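See below for the structure under consideration.
Letters are used for the chains, namely A, B, C and D, taken in the order the chains are written, and counting of residues starts over at 1 for each.
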């Protein structure tokens, strides 16, 4: 029953939207259970969609039965399904975590604002993954941005406001660059549909300019070096749940789109030079982000910079995509990287949120000797970091292995070197944090006030996310089989 | 000089002004305005595209422009709110990192 | 049915350790008695399962579990005799070390964390032992690094943290090399199981691309050489001495260095095959490095005033005998090396337990403070004496057996210089162990130590493990000729697995 | 009567059991048991006990006494028993049970060494004996004792390294070979020269061949009486066991090494005699006489190495010589432990025997030596042997002069019993062994002519001694430190080390490096303070 499966695509988009509307109208105070219901419903819809994609291949759905170009098509292939699933997992976790975090009496107005914003954003993210034409992508991206910015600013202090302002300006600029590119493409091909554009677009000048504009916009939204400047203040000043979704989902959507467009829409333009340029940017953000993370003195900036670093890895696929010997493995690696990073990063930010929540700060130096009180959160943080380091037995490792094998198989040693080096640097900053957490409290300093008691759910959620990364680390085969649905021949 | 060509020319002029303003100006309001200019330039370009085939108007770009304007308006609104909150919070009219 | 049950044993044993870790973490610091129970229960169960596996292997069952982790990379646990040699050693010493650690850490903080990672560490060691292909080996090898780090920094003071940094700097660097090497190997020849005598595909590949093959072999060996503390990559080992005694025992005798040495065996014998490795001119370098390490470690040990540091450098020296045995390339030498894998473990763990006892009961860390300790702690000191003499290679103790086989094996390959190394190491060992024995037994006590509490010289939990391992050292030597002794088992491994040598 | 094989383990286990008892409640019982434990060694002489196979032990152990072993067991059992008896019943100093335990361990190791019939077990027993003897040497715990112990252990371990290398070289070709085949294996070894060299050097330290004798001269005076009796009478013989088990005697002729060994033996005999005369402590004198006598036994070994045909005769002669010397030396050393005013009378018979006075076992021993040497090197050795026996007489005269009068303390019965037993045995046992192994030598030794020219060197030596006694006080005796060369050498070493360290420090300071890290001991190349 493919139709039912197809039907679950619009549901995956509409359910969170609907929930957001109701929550907005009722007010989160009056219906604290509502977001949970909505999240569960969304997860169910996504699960159904994933099941159908896995069973019957790519699914398409035309809203209201209108055909393109004017109608809106929702399209889910393996990659999209994987993203939907990852988003659903993170979304569920964040929803579960945000409840106690926001409704503890300290965060009223944040609670009021958070739920609608986050639920709309979830819808927009699903839309981004499902959108089948360039303009809908634009709408969804804008929607994501316009919900992400307030999430950054939600606490309303000067640091977060400044970060949000900068984020907004740059994001709007990026969207306009994207839109301009789309306009040029439409002018050239007369269509907006991802695959049709891909078939019609030539290697000519205007197409190249359009691709450049679009890519630039997406790289900025994906916070790829050197367009990452806005990310760190924004992500490290937001409240924990917001940081989690921003780092795990929002920026990754940008990277996802870079891959999507270059592999589906502009493969004709993907010359080795372009591949090396984009891969080089990816490598640069891997190294730069890691090195910066090593120099931070607070926990959340460390995690934020590690986001910059992790976002670079998937781009390493682009130089390899053209090499037959390497493409398939590199592609699996890149896709799995996004999934692994999403889960691990959400877990890390939520765990960091716990630490900050109970200590009232996240200075690394102040973490000495906290392990006993916050052992579970620290454990979750550590487990998540292990995946970011790409060490077994985590999903991060499997992704890294595939990407590395691809790089070696393609005979492109530099990328392999970058991958290995990036792992070591990640180990460097990760263990800098953990060492502080494992360290004994300095004997000379007076006993600190016992940290604030953590609600049980807030303790459990990050740990579960981290453990999920290990579950995916035991075997990537199911996920990668799903990924094959509707993948371009070059990558099959 | 066809009408489309004219539109395109105007669009690029607007875009130039927008980018210039966005880069050179530090005052938040001016930047927001610059962004709007840039957006309008893109819309103008789309409108021009609608007429690239003589004798028939392509509806799709118009649909895009309409939607785009809605998005732009909401984005501008958000930007303005943020700018005001920021000013209220800090007394600054521009982002601190941009000084000097 | 029966065979299927046997097939699942490896997984069961692995999960036992993991589950123990999980339970211990979950119990938290407060519930001491339950934790103790679960620790011992887990260790005991694992040992039982491993012995059952040994029985199964003797029966001729194939014990194997495998599931795909990636297209083209499977996680595979296989219990061959070589794997069991290491697995039995680690599980047995895990049980003993657990008993010791429970007594040793009596009343210190953070015990849940400690024992949790302790179990995890042994699970990883078990995985390293049973890894059926390079991918699996790498996974558990890295897991081991991670699981041991919290143990190294357990004390949490800045010295411990610094040591932890050094430790990770070395081991993760080695891990990176191993990763690159393993991935390159997979790209070159795809997934191959460990095959005694070497993987055929690797041999073909080496014919096609000898340079690449050599480079990859160098990467792989470089990766494991770090944990095997092969000169010049031995720096982390003495630094890691800040850890509590049970951890040092674990690092030096059971888990980390052994994983490295075991990796050398797997890579040389089961991945490339000795013939190919020799053809690529790698084994001469390896044996030269091993020889240098043996002498270097002993010479450095001479100059150490702190007992544990001296023992650490002695480990650096002793572990390289295993490498030497592998690199010598004769059956006898390999037998000696593999037997030494067990022998060194038994002797070194005894020595570290004793060092721990002196530190715990008398509060002495320096060697020159141990004058007359033999009278105050006769049992501990007797055990220490046995183990030290064993390290010297004095018959009839375990170390003598290893040296005997290494020596005649090397001579069989016409490598007479190895005898020189063995003799030199014997003399150096005597030079740094005998003075300690003299202080323990012959010199009058210079300190006034706290009087004994009760009749035992120290906590039972600290004494029984020492006695057990010391007896094992003695028996491993005395009963070497019996088939189930470490030597006998090593001989079985080599005769079954490496008739080609 | 015939004994079942497992009883061959008894000589090794009995002393250990006794030692184990010493620790616990049954201390007295243990001491008593220890005094008789060595006598179990005589079981090996019984006809039944041929060989005991213990394939599960070590690398497959085999115990089987051959002719040489039986002869030496006949010596070891009584001497060890006497020493243990003297210690158990007579020793009143500190750490008594420590001394007894060390004695027991040494005896067990000795028995093992004699019974061992395979390579690994031989090496095991030999190194065990080396280590077990260390506590005997340092028993006094004085700086002097520790210095002697350090020198003993250093030299012994260095030598053992050579032995280990030799053992491994043999095992590499023949595996854990049965000692009966060992000489053949060595003879056929493709590194024979190196191998034989290693064996000679390795055991030469125990044999006290000059210049490797220094430890003997230092260890004997400081060790308690029963210990030095054990060392001097039995321990040094272990070297002979090692040589005769491993060297290719009777299998191959190695003229070069053989001649070298003979010369070394003669030289060390001569040198030790001369140095010994200058010594002032009776036990030191005895130690040097041991070195001198061992030199003669070394000569016998060398002759066998020189000429395979002579090996059997040399073996027999050696066995007789060893028994004779062992009994006499044991008696003399134990005698030094007596305090009675008339202890000289106890000491006289063994002294005469060593000097080779007519009718004593000394004549028999020398006869064997003469016979063999005559068969190998015509007349070359005759005069030398004459000088040497004269020197021996002189040496023992010196000893008697120093040790004649005890300080008049009263001696416990067991001690006197032990000495008397050994003295008595010394009169008969060598002849018994001689009749069993070398009847020709016995017959030869009993000829009146031989008695006469056996008398000459004794008279010569006695005359010189008398002269010296008459001139005593007027001509000064040159002062030679105990262990002659070792002390100056060590001092030089220490000075060298100090100088080197000073230079090194200066260099560091010059290059601006910091002082050595505080983890590491500063060690001087020479012996640490106390030397």
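By definition in this document, contacts are C-beta pairs under 8 Å (C-beta built on N, C-alpha and C of every residue); 3 or more make two chains touch, one makes a residue touch a chain.
What you are looking at is a predicted structure, and each value in this text was computed from that prediction instead of being measured.
Peer 1: Touching both chain B and chain D: give me those chains, sorted by label.
Peer 2: none
Peer 1: State, to the nearest whole Å, the distance from the C-alpha centre of chain A to the C-alpha centre of chain B.
Peer 2: Once rounded, the distance between the two centres reads 28 Å.
Peer 1: CA centre of chain A versus CA centre of chain D: separation in Å?
Peer 2: 84
Peer 1: Could you grab the centroid distance between chain A and chain C? Build each centroid from C-alpha atoms only and quote it in angstrom.
Peer 2: 42
Peer 1: Please tell me the distance, in whole Å, between the geometric centres of chain B and chain C computed from their C-alpha atoms.
Peer 2: 68
Peer 1: Hey, what residues on chain A touch two or more of the other chains?
Peer 2: Chain A, residues with two or more chain partners: not present.
Peer 1: Could you tell me which shape the graph of touching chains takes: line, ring, star, complete or other?
Peer 2: line
Peer 1: If two chains touch, include that pair; go through all of them.
Peer 2: A-B, A-C, C-D
Peer 1: What does chain D use to touch chain C in their complex?
Peer 2: Chain D residues touching chain C: 55-60, 120, 123-124, 127-128, 131, 135, 138, 141, 146, 153, 157-158, 161, 164-165, 168-169, 171-173, 175, 191, 519-521, 523.
Peer 1: Using the touch definition up top, name the residues of chain A that touch chain B in the complex.
Peer 2: Result: residues 69-70, 135, 138-139, 142, 145-146, 149-150, 153, 156-158, 161-162, 164-166, 168-169, 172-173, 175-176, 179-180, 183, 186-187, 190, 192 of chain A touch chain B.
Peer 1: Which of the residues in chain C come into contact with chain A in the complex?
Peer 2: For this pair, the touching residues of chain C are 25, 28-29, 67-73, 75, 109-110, 112-113, 135, 138-140, 142-143, 145-146, 149-150, 153-158, 161, 164-165, 168, 172-173, 175-176, 179-180, 183-184, 186-187.
Peer 1: Tell me, which parts of chain C touch chain D in their complex?
Peer 2: Residues 302-306, 309, 368, 389, 393-396, 400-401, 403-404, 407-408, 411-412, 416, 419-420, 422-423, 426-427, 430, 434, 441-442, 444, 477-482 of chain C touch chain D in their complex.
Peer 1: Sort out for me which residues of chain B touch chain A in the complex.
Peer 2: Listed in rising order, the residues are 15, 22, 28, 31-32, 35, 38-39, 42, 45-46, 49, 52, 58-61, 63-64, 67-68, 71, 74-75, 78-79, 82-83, 85-86, 89-90, 95-97.
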